[in-house]
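Encoded as structure tokens, here's the structure I'll be asking about.
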Amino acid sequence: MKLGDRLIVVLLAVSGLMLTASPYVIDTAPYEATMGLVQRIFYYHFPMAMTMMLSAIVCGAASAWFLFRRSERADHIAVAAAEMAVVFGVLTLITGPLWARKSWGVWWVWDARITSTFIMWLVFGSYLLLRRFGGAGSEVLAAAVGFFGMVLVPFIYYSVNLWKTLHPSNSVVPSLPTSMGIPLYYCWAAFTLLFVALMSVRIRLERSRGWLERAYRAVED
Amino acid sequence: MTPAVDAAGGACDFSVVGVDRVSKHYGRRRALARVSLTCHAGTITGLFGPNGAGKSTLLGLLSTLLKADEGRVCYGTRTAGEWGDPLRARVGVLGHDLYLYGDLTARENLRFFGRLYGLEGAALEARIETALAGAALSARGDDRVSGFSRGMRQRLAVERALLHHPRLVLFDEPFTGLDDASVRRLAARLADLKQQGTVVVMSTHDLDIAEDMVDSAVCLRNGRIVEIPAEGGSLRERYRAAVGAGE
Amino acid sequence: MGVLKAAWWIARKDLAVEIRSRELIYTAMFFAVACLLIFAFAFVEGRTTIRNAPAGILWITIVFSGTLALGRTFERERQAETLRALLMTPVERPAIYLGKLLSLLILLGSIQVVVVPLVGLLFGAPILRAPFMLMGLLALGTTGFATVGTLFAAMLTRTSSRDVLLPVVLYPMSLPALVGGMQGTLWIFAAEPNYELVQTWLAMLVFFDAVFLTLALWTFAPVMGE
């Protein structure tokens, strides 16, 4: 096994172990009286939302790089990151309503943060749809979507915030008591590691596919 | 873009146009595989081959619209990227689809494209009249193209491609829908272009018509160049020998 | 020949084609009116329109008919591959984008000349309450929508499933422009109008349009490059 492959295995193992251990770490956090057990979803919800953001930014940057430099590597990173954004987006959008049900009494609330996440999810979903159904050459078109999607983030946040605000504000995280902060940062680190690990696997797959395509063409020649 | 476009385009070197070990693929499908071809000023190169052999792709690469995955396309000593936008001012393309607006008249079509190629005023109008005469459409210049027959459109499309006096002319199936008189006129037009030192590359199925016109014949099959034997009867017979009887 | 001049020629050509066939203006306008009819069944209770519904009705109608017009303008350029022909002229790529954008804006503007008074008439929206602000919102919101739409419609002309992919890509992408237009209009039409908020939305729209127009001009060449 090459060094890179070994690193991927290590990353996967570490993030897997960290996530397996995470319930125990979360259990050390104090029990929140008003929200009860549901409050603990937050320790997954928030890191997953942040991972989605990270994926979106990585996808946008890689798309821009691919668009202007036509680097195949950048394209591999962009697809991988777009898939991550959609997957972590779904997870965020599932865990969010669970929280909302307890907190506000309804499954879905059109509050600023949920709506923004939903829009971002749609943007990167359309990136994947374009790649899947756009035919040959669609990677360039998808790159434009990825790039525009990244630039769109501040506009979405600003306009949706102006539209309405119900969600606990950004200042919640830094002001958390340490007993709650430690499990949160622990989970955040675990999810970020998982992101890096999955990205490496996915990029590797994309690269092998590129090799395979070239091999096919070489055989035909 | 400045009025110098014409001059700048004129400065581009079209003494020789060549593709060097060029490959192009769409997904897994190989459209061209390491094709090399050199075309000199004042010659007509014929591209032959069955459907899907890569003729249109090769013309697309020469027109700067497609980019090769491997290899270089050179105009003189430089590539399209090195020449930049002005290079396109000196390339004339007749595509399989005719590049004409059906809801505009013949004259409006020519005027619109003429302007985009940097022509203006009386010079443009004069060229439009010459072009309409060349297409034998002087009387129908103010009729909409959508009412034209395929042959009339084809004739107009040829003139549209040549309106800006290109130095590199790329024709994809120029004889489609033309009657005998029009074919003879197009042959004469090609002879003129050759005289003026233009590089002409055209693809066609019509081997009998093309035989007397082309200076060199190139046969493509499955994205590769197949040698056409120099000896052995008419172009059609030699082509058959090269491509195989099945085609 | 400047970029703007070439863009103007392309726009003028589009308008000449449209004036001759009148296909788009008739169909898109008829479609818009049909949309209004459907909204009537959703948002009219008894004899009055549900509060705050007219702003949404107006903008959704604009977006739907706009999508139709976008798809069709580029379908026209695809019929005889004239978009390829445009890309083969020595004209700089941004000029082609600007020309298409300009003709589309004129077309969408003329549809709105009919749709906006109709919304006022049929749903009792106070369209004359702040006419300049409303016009500003319509102009900027439509520009934002068309800026993104022209880029994506142009690049999708080459793909086979462009009809479904265009709205899929365009709606989330142009959302800030639509939210801005819709919310701004809402605050004009509201029982207690809030012009300060309208101005905030106008400013957001100016910013959105500027950023996305710049980006579209910048990315048009690499996207259409092949």
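By letter and in written order, the chains are A, B and C; residue numbering begins at 1 in each of them.
One rule holds for everything that comes next: a contact is a pair of C-beta atoms (placed from the backbone, for glycine too) under 8 Å apart; a residue touches a chain by one contact, two chains touch by 3 or more.
The structure displayed is predicted, hence computed values, not measured ones.
Q: With centres defined by CA atoms only, which chain is the most remote from chain B?
A: Here the answer is chain A, farthest from chain B.
Q: Mind having a look at which chain is the central one, using mean CA positions?
A: C
Q: What's the distance between the Cα centroids of chain A and chain B, rounded to whole Å?
A: 49
Q: Round to the nearest whole Å and give the separation of the Cα centres of chain B and chain C.
A: Centre separation, chain B to chain C: 38 Å.
Q: As a quick test, compute the distance in whole Å between the mean CA positions of chain A and chain C.
A: Chain centres of chain A and chain C, defined by C-alpha means, are spaced 32 Å apart.
Q: Scan chain C for residues touching two or more other chains and write them down.
A: In chain C, 225-226 touch at least two other chains.
Q: So which bits of chain A are touching at least two other chains?
A: In chain A, residues 137 touch at least two other chains, as defined above.
Q: Taking the touch rule as given, give the residues of chain C at its contact with chain B in the complex, in rising order.
A: Against chain B, chain C makes touches at 1-3, 6, 9-10, 13, 16-17, 20-21, 76, 79-82, 84-92, 95, 225-226.
Q: Which residues of chain A touch chain B once you look at their complex with the stated criterion?
A: Contact set of chain A toward chain B: 136-137, 213, 216-217, 220-221.
Q: Using the touch definition from the top, list the residues of chain B that touch chain C in their complex.
A: Residues of chain B touching chain C: 1-3, 5, 9, 63-67, 85-89, 91, 93, 95-104, 108, 112-113, 115-118, 144.
Q: Which bits of chain A are touching chain C when the two form their complex?
A: Going by the criterion above, the answer is residues 67-68, 119, 122-123, 126, 129-130, 133-135, 137-138, 140-141, 144-145, 147-149, 151-152, 155-156, 158-160, 162-163.
Q: Which of the residues in chain B come into contact with chain A in the complex?
A: It comes out as residues 25-28, 30, 33-34.
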